[in-house]
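Here the chain labels run A, B, C, D, E and F in written order, and each chain numbers its own residues starting at 1.
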Amino acid sequence: MHLYPLKLVTVVGETVIMEEIAEEVIKLGATGFTLSDVVGHGSRSTRNVLISGEAKTRKLEVVVPSEVAVTILTYVSHNYFEHYACIAWLSDVAVVRGDQYVGKQ
Amino acid sequence: MHLYPLKLVTVVGETVIMEEIAEEVIKLGATGFTLSDVVGHGSRSTRNVLISGEAKTRKLEVVVPSEVAVTILTYVSHNYFEHYACIAWLSDVAVVRGDQYVGKQ
Amino acid sequence: MHLYPLKLVTVVGETVIMEEIAEEVIKLGATGFTLSDVVGHGSRSTRNVLISGEAKTRKLEVVVPSEVAVTILTYVSHNYFEHYACIAWLSDVAVVRGDQYVGKQ
Amino acid sequence: MLLPAALFATGLMPLFADGGQFARIVESLERNLLTPIPLCFLLGIISTRIHGGIKIPKELYYSIAIFLLMSIGFIGGHELSHEYQLHGVSTIWKPALVTLFLGCLTPITSFVVLRYVGGMSIADSAGIAAHYGSTSAVTYAVANSFVEQTQHPADSFLPTLVTLLECPGIAIALVLGAALSAKERAAKAADGLPGKPVKKSKLGEALYEVMTGQSIMLMAGLLVIGFVSTQFMDEKGFQPFYEFFQSKGMLFRGLLCIFLLEMGLVAGERLGDLVKVGPFLVAFGILMPLVHGFLGAWMGHLAGLNLGGCTVLAAIVASASYIAAPPAVRLTLPEANPTYSITAALAITFPFNIAFGIPIYFEMAKWVGAQ
Amino acid sequence: MLLPAALFATGLMPLFADGGQFARIVESLERNLLTPIPLCFLLGIISTRIHGGIKIPKELYYSIAIFLLMSIGFIGGHELSHEYQLHGVSTIWKPALVTLFLGCLTPITSFVVLRYVGGMSIADSAGIAAHYGSTSAVTYAVANSFVEQTQHPADSFLPTLVTLLECPGIAIALVLGAALSAKERAAKAADGLPGKPVKKSKLGEALYEVMTGQSIMLMAGLLVIGFVSTQFMDEKGFQPFYEFFQSKGMLFRGLLCIFLLEMGLVAGERLGDLVKVGPFLVAFGILMPLVHGFLGAWMGHLAGLNLGGCTVLAAIVASASYIAAPPAVRLTLPEANPTYSITAALAITFPFNIAFGIPIYFEMAKWVGAQ
Amino acid sequence: MLLPAALFATGLMPLFADGGQFARIVESLERNLLTPIPLCFLLGIISTRIHGGIKIPKELYYSIAIFLLMSIGFIGGHELSHEYQLHGVSTIWKPALVTLFLGCLTPITSFVVLRYVGGMSIADSAGIAAHYGSTSAVTYAVANSFVEQTQHPADSFLPTLVTLLECPGIAIALVLGAALSAKERAAKAADGLPGKPVKKSKLGEALYEVMTGQSIMLMAGLLVIGFVSTQFMDEKGFQPFYEFFQSKGMLFRGLLCIFLLEMGLVAGERLGDLVKVGPFLVAFGILMPLVHGFLGAWMGHLAGLNLGGCTVLAAIVASASYIAAPPAVRLTLPEANPTYSITAALAITFPFNIAFGIPIYFEMAKWVGAQ
């Protein structure tokens, strides 16, 4: 097993911003991402009020090298933390054939 | 990037108990939580038999300081492990502006 | 709190292979698993083309001892990495009453 | 095994009292079984057993459930309004009382049989009794279709009775279970064995949740809406709503087919658990409904219901809940193994009622003299 | 508090000009309120307030929304085709112009009142104005049902007007908000206070998204489809499509009930926020629609609409969007607190229109002379 | 590029044999294209191409698919029952044999053309052949609507033929692909190149899954249910089920519109892949259906089908599966690039059939003499 140490960035936030973030994440150097529908509660959840067939909150997971992880978190915190409901965190993962996910940049 | 070391508590269990746990988690000091619908299989999955439009199993994720994490896990294991299908674990995360999630207590 | 150090294996891949992997994971020694529907984008996402009522991509999470984790990752990478869209990673978790999940083998 | 036999006798005996009865039942069965609704249920079971690919999205299943409950309520309210205009409450109060009485009786008979004949634990007995004390709206819908097809439509206020029957049984069984568990625990504690206290709050919460649950809210709510709008709207304006919810209409019948297909898929999965639950529970799941069904038919007749009405009342009294009861039981009696109650309610009693029970209740109702 | 009072006067005064007016409104109200559609809305509110168990899967809600929009468009296109064959554009161009004018006016009146009477921030004022400048397709559907029930069906091309009214209001409010915010920011920056620049690209993107959003695409798309297929198909082939989408039909009316049940559930949750938004916004949510509604009824009459048409135009002008506007506002004016706009649109104006507004607009339309 | 030209000639030549043919095709096209079903498909494509906001929840799409399959089966069973009562199997066995024969032939013709004309890999050729060997139930539904609109309804047992055509093609293509891949691999291994063995078990599993898949189970299951309940129920009881599933009815036609809207959304997304798949596959996706369609119309006529029947048989033989085939191919031939097969089936053949193919097959059927 070749396991490659990388970072898993997780962002949970209002649906309205998550697609934008997902697209940006690719531009910032990720090779892919995984999105899922969740239900959330947080300090600003009253802001989270879209009524539609879509989930109101979404979770984005991205496996990236450490530097890209920092770029992503900086991007997210600069652009969305002030006015949108969202949270972001980082954790350590060991990825199978992880060199694939180091990607362009 | 200010990254703050916190714990991510994950609980996966029968839908019937997850809302209760989510509410309690706030009382125990979390500032928010994220719930998602999953499909599960485990040692007690035969207990997991609700028929309804809802997912039978749900996953709860909470980012909290280490002490709160322990309180939550103790609460869950005391109240639900005996009779309900559920699993709970802890992992290390580094959270953007993580001081926000230390919350009341 | 008895917390037991185990591994969390996460596999994200095309729906068509995920049920098979979930079943195999039990044979390889896991005591359970958790599946969820996600939306994914990756290097081979054009391969991911099923049209149906099901999500096209699924995420599998399994909590297992370290050796089982390696077996699972080896199985997945041997059998699916070449022709199917998927990614797999490993992380450290501390599990409540974790000895339960060491299972058969 | 004595009591089950006795129950069996009680339930079926009347039917064989005269000679042609059996042949008539077979004919009723045929007329019932070879129609799309039970056949779709069968298709679901077959698909699951052969690992076939039929999958109904849970949102569709859930949406149909909502439609069926709303429809039962709305048409019920509409019919009730006509009934009320013609007869006031004179025709309704007796059947309503009887229904409430049966709603209180059936959880107790179930509990007694499970605990003292079957020797099951208090929690399991109470848990299963909660299911059999309540009712299944889908069984109502199928029974109602059946009697309409036999040209013996039920009295117009039957949906009202379904609504009345939903709650009391669950409440009584849960309270019984909680009380007896507490007593047992107290006894054990006196013996030096530790036992966790029941959370009273949870029982109250669960009862509230049953009473304000989806089934009751939708059926009772639409009953009121159907009643009120029948009184205040002119016929033309009312027409499209009536057609939409109409229980003889294409939407109700057609969606019921899809619903039963899904129920067949679920029941098929549960069939494998029949071995786990053992022969006593299998017998219970067939005989208890026959007894309760007979009581329903007989007391319905005493209360003045017509042939269709007695049949439908029998069917709903005989039916077991698998929507409202499970979460309530799971929350209040967590020691109860849900495999028992769900398998009995869904994989034994429900198919039995759909396939055989309803025509049998029809013959029972005839036998007690209903017309 | 002066202006609200003035608004109130403007909106309601005409109605009390003569004596029997009030009695007629009450009667209209009764005829409107005691029908399944508003009652289902009420049931939803009650269920939420008592923590009842009714839950509509979001996919069902969303599917019904799709059906309603398609239906409005398709039947609109069908009727438009007949209208066009009979009169060309002669009957339509005036109402269309009036609708566009109102679509441009209402976001501005709303903004002015919110900013200068209510003293709300630029972002909040513009955000709310975007909601009130657009329209609610469901309010259209309910208003349309109402006028049909009163035997005064609206002119056939009303669905076209709904489509026209959807976009301009949102666009104007967003541009206004972005421009004024930029100016304010520039002023602040001159004062030495830092301020983030607005992303121009986002505004363009959001406007594009509004114009190609679900509501417009489905309504306008099906309008064209309905128009074209009416022209080219024979009646028999067209029939099943017509029946399916028919807004007087059972599907439209029945599904509207379920839709309003869900809207009641959501509005009920929002009711708790009424305290947060304060009395000004509550007053705004009731009085602004009355003013806009009056303008709609009056200008509709000037443009030649019939009684039903004036009522429906009033209702859609008075209504506030809660589907297309929220995401657009959230993206372009993130500082705007969505609790304000959604609560006003959904928990105040929508229920007010459904329950009281529509019958009032009906009387207004009569009063201005529409027939 | 020789063969495609030949194919083209084979497919289209007959149509231009006489002079007025072309004009008739154009007229048929117009009559087909300007109806809601293809127009909704077009709307879906447009919405995707301009990044419009229309989104159909996948549960709705899936629910409609279930309804359509059930409906095709049920009404098929119902009609078959009448046919059977009148003629026994005398009218049916020839068309059934012809359908089975075409089900075996089309995957082979497809494979041969793809492998030897197109020079595609064994896996890709077999994968695409599996799609073209099977059938698309929605193409059936649209073709059926078309012939009904032209007042030439198809023979009553066509749904039975759809069911027969679903499986064999997929099975043959997969077995062919697996066998040839194994041979090639053996050859390579002899040359010293390593190659992974095919898992035999997976092939069996995949074939079983195709045969017990959703489409077959629902169509065949409801066919039996429709057959049986027609025999045993009285007409009045059968009526609501018939109305619900009725393929000329509003539900079927209306839901088909929504379904095609979603298919347009998906096909629109795939249009971008046309460049990736190259001109050969685009030509294949248009010419192969014309050839298969001609065979279907001609052999259908030989087997005694009427004009509508020949047209519909041609359409289903010409159509390519995009529901049952993809997962089966993905599991057994993972080296096959699904972009090729899905793009060809969904973004080329399906729209071609819906828009142009069906009217062409209609003219072909007339030309071979069907009435």
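Throughout what follows, contacts are C-beta pairs under 8 Å (C-beta built on N, C-alpha and C of every residue); 3 or more make two chains touch, one makes a residue touch a chain.
From a predicted model like this one, the values you see are computed outputs, not experimental measurements.
Relative to the C-alpha centre of subunit D, the farthest chain centre belongs to A.
Ranked by separation of Cα centres from subunit C, the top chain is E. Between subunit B and subunit F, the centres computed from C-alpha atoms are 48 Å apart. Centroid to centroid, with C-alpha atoms defining each point, subunit A and subunit B lie 20 Å apart. If you average the CA atoms of subunit B and of subunit E, the two centres end up 41 Å from each other.
In subunit A, the residues touching two or more other chains are 36-37, 53, 91-92. Counting partner chains per residue, subunit D has residues 55, 57, 59, 62-63, 251 touching two or more of them. Only residues 1, 3, 6, 8, 22, 26, 31-37, 63, 91-98, 100-101 of subunit C touch subunit B when the two sit together in their complex.
Across the interface of their complex, subunit F is touched by residues 14, 16-17, 46-55, 82-84 of subunit C. Residues of subunit F touching subunit E in their complex: 30-31, 34-36, 39-40, 43, 46-47, 50-57, 59-60, 148-149, 248-255, 257-258. The touching residues of subunit E, when paired with subunit A in their complex, are 58-59, 61-63, 65, 266, 273, 276, 322-323, 326-327, 330-331, 334-335, 337-339, 342, 346.
The touching residues of subunit B, counted against subunit C in their complex, run 10, 12, 36-43, 45, 57, 59, 70, 73-74, 76-77, 81, 87-92.
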